[in-house]
Amino acid sequence: MRDVAIIGVGCTEFGELWDKSFREIFVEAGIGAIQDAGIQGGKIDALYVGNMSGGRFIEQEHIGALIADYAGLASLHIPSTRVEAACASGGLALRQGIIAVASGYHDIVIAGGAEKMTDVDVETTTDALASAADREWEGVMGATFPGLYAMIARLHMHRYGTTKEQLASVAVKNHHHGTMNPKAQFQNEITIDTVLNSVMVADPLHVFDCSPISDGASAVVLAPAEVAHKYTDTPIYVKASAQAGGTLSLHDRKDITTLDATLAAAKRAYEMAKVTPNDIDFAEVHDCFTIAEICAIEDLGFVKKGEGGKATQDGMTAIGGKIPVNTSGGLKACGHPVGATGVKQAVEITLQLRGEAGKRQVDGAEIGLTHNVGGTGGTAVVHIFGRER
Amino acid sequence: MDVGIISYGAYIPRFRIRIEEIAKVWGDDANSITEGLMVYEKSVPDTDEDTITIAVEAARHAINRAGVNPERIEAIFTGSESHPYAVKPTSTVVAEAIGATPSLTAADFQFACKAGTAAIQACLGMAGSGMIDLGLAIGSDVSQGAPGDALEYTAAAGGVAYVIGRENQVAKIESTYSYTTDTPDFWRREGMPYPEHGGRFTGEPAYFKHVTSAASTLMARLGTKPSDYNYAIFHQPNGKFPTRVAKTLGFSSEQIKPGLVVTRLGNTYSGSCMMGLAATLDIAKPGDRILMTAFGSGAGSDAFSISVTDRIEGIRSGAPSVEKLLANPIYIDYARYAKHKGKIKL
Amino acid sequence: MSVPRFWRRLKNLYNLIGTQCKKCGEYHYPPRNLCPKCRRSSLIVPYKFKGLGEVQTYTIVHSSTKDYEKHTPYILAIIKLDEGPSLTSQVICDHAQIHIGMKVKSTFRRLGEESEKGMIYYGTKFIPLEG
């Protein structure tokens, strides 16, 4: 097994990209990554792309072939694979790419993610997203995706005393980070009141507790660590790539306030990288809803279970705090084009570790972690990256 | 034939709307309405209730009340004028929901407000003759009255189910007689959301003629008179009609009192008389005799002479009484009522 | 939900019929083909739940898909049945009444419909145990 490095990254803006089609956004992200890596298209050995629902959003399956073709690579006949795990599709695609390089099967691999969610009406989008949960036993009973996370929030508040203001502080922090990310969908400051006064979606979650509907694509170029210096002065090394499954339905979860898939993936990742949660300098975690970030920082071991709300409220996870979380703006402010998110997280970690994060730079960043979740926790993917091998 | 009621169960939705609420919207005088109709409020189904869900709840109460083994039920007939499907029976959903499938026959009945009692008669024949073991007859409705029409004040929601059989009767059905003619006093055409009615024509030539004929003919055949009965129940489109027909036939207001639920419930159409009978059985004593006369527009009247056995007290607590179902209602306003009844097109 | 898919689950939805693994004794609702504990050595049989349970958590859904919009706001909950497993369902009660730990019992309600001319889906929701 070889060590793997990221030698290039690319990302489109995230938002309602009316003028850009699905094909245009992934080509933009892919070209960006290749140029950043300084490689020729002909060197690419394989493509892995995360996409949750081409079928529902753009009535298109066979996404792997589509992407390779429109990236101009059809004549090279490279293997192109679409990977799906609902909102963790991007993280999974990244992991598949890493495994391909680590195993020695391929050398230069592109791992990307793309989603075009705004070509259909909101009803269709909401229904498509609901398929991340159990259609037959949650959906049929009227469970919406925000409804499921709202139930996690309700129990978290009941058991640990987490407050609505603490939930809102996640969104406020992420929006603040978003003001420093030119690619973010939302680059405006908000306040706790903005969140609490926004329309109620599923009690206790308001509109501003929920990540938006977005278009966007991102990509990274992976290479064996031993040759990474041929392409870049700042290769970023993959120290761990771990994935874990959990129950599909929230009602089958052992503890509704804990995503045990995150616990399992994190444990494997820390073991692989030979680090502990204390060694992580900053992280991109899955904040599809504010409560999700609170559970994430608990389940990843950054704080004790139940203390995520207070920690966020106290500023622990803001830039300048003990462990900045979601410097990109997270899913909330940067946006959440489903399949692209997991890869965008890796792009953000890379920029930070290279010292290229501009206004939102975390000082002295050495080791970063990404955390990507599918559904309410049916899948979790955790990666750890570092400046040293 | 020695056949009768083995068990019974009722269901009434929790929501109510007061007559004043409806009168306010249409500019009517609430007092004269309540006095004229002798109805003060009516039941309203929840947004996720309909004739089928009500029929299932009533049937489940009937099964539970006497601990009936649902696999013994070999016929299910549901009468309604608001079956959710025009084609696909309510009775098969009930059959599945009480665990009576697959060895049974089923069909839906419609005959305005007497569809449920017609179902009872069908079960009497099948169970009494030994053709089936037990039969289940249900009257269930989420009756519609056109906005602004007089019927809107009384059209209510509710359902009642009777298990009919030979052994372990709690009330024997001594005899039944029906008086039926083609009298177009009230109808609803296919595809139309609300029924039409003949105003005052629905009185004498329809309700009163058929109810008095059925009741008096049955009593003549049996050689009984009003004083032989402890209780009487007449179809209750409002409080006035049954009160008047009782007087005409020679029944006292005490005799009809327990069964007169319409004042607090409204007219549950196919469930109407059957609800009155359930309320009466809830308090009747062994040996009591009951005359029930249903009426359905179109028109027909089914009369039943019933005698309560000493098994009645043993099953009473197995399911909620009509009084319990009427208790603790949730009052709503006209806007919410219109939303619940689907009067607002979405 | 298509007709065959709904029909296949009819009995489970109407009558709260799940499964039990006779090997380890665990109950499952929704029903399972394989016991998560025993897997290959599962001995799965159907089991009809009593319909009694307790609210583990809940939310009040204000914004939903087209099919459920006319019912909003409604209470969505995870209910732990007496026999052990938890399921997702709706609770019909006063919104001020719903709380974690509330005892509930099953009731038969309309879950939705495919369209105005399509199939109607029925199933089980829950109401408070007392009155």
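Letters are used for the chains, namely A, B and C, taken in the order the chains are written, and counting of residues starts over at 1 for each.
Just so it is clear, a contact is a pair of C-beta atoms (placed from the backbone, for glycine too) under 8 Å apart; a residue touches a chain by one contact, two chains touch by 3 or more.
Note that the structure is predicted; figures quoted are calculated from it, not measured.
When every chain is reduced to the mean of its C-alpha atoms, the one closest to the centre of the whole protein set is C. Distances between chain centres, each the mean of the C-alpha atoms, put B farthest from subunit A.
Between the Cα centres of subunit A and subunit C there is a gap of 32 Å.
Subunit A and subunit B have centres, each the mean of its CA atoms, that are 60 Å apart.
Counting partner chains per residue, subunit C has residues 71, 111, 125 touching two or more of them. The touching residues of subunit A, counted against subunit C in their complex, run 123, 126-127, 130, 134-138, 140-144, 146-147, 150-155, 158, 199-205, 249-252, 256.
Taken in their complex, subunit C has these residues touching subunit B: 10-11, 14-15, 69-71, 92, 94, 107-111, 120, 122, 125, 131. Partner subunit A is touched in their complex by these residues of subunit C: 1, 5, 9, 13, 30, 56-66, 68, 71, 74, 76-78, 85-90, 100, 111-112, 121, 123, 125.
Looking at the complex, you find that subunit B touches subunit C at residues 46-50, 52-53, 56-57, 60, 84-85, 93, 96-97, 99, 327-328, 330, 339, 346.
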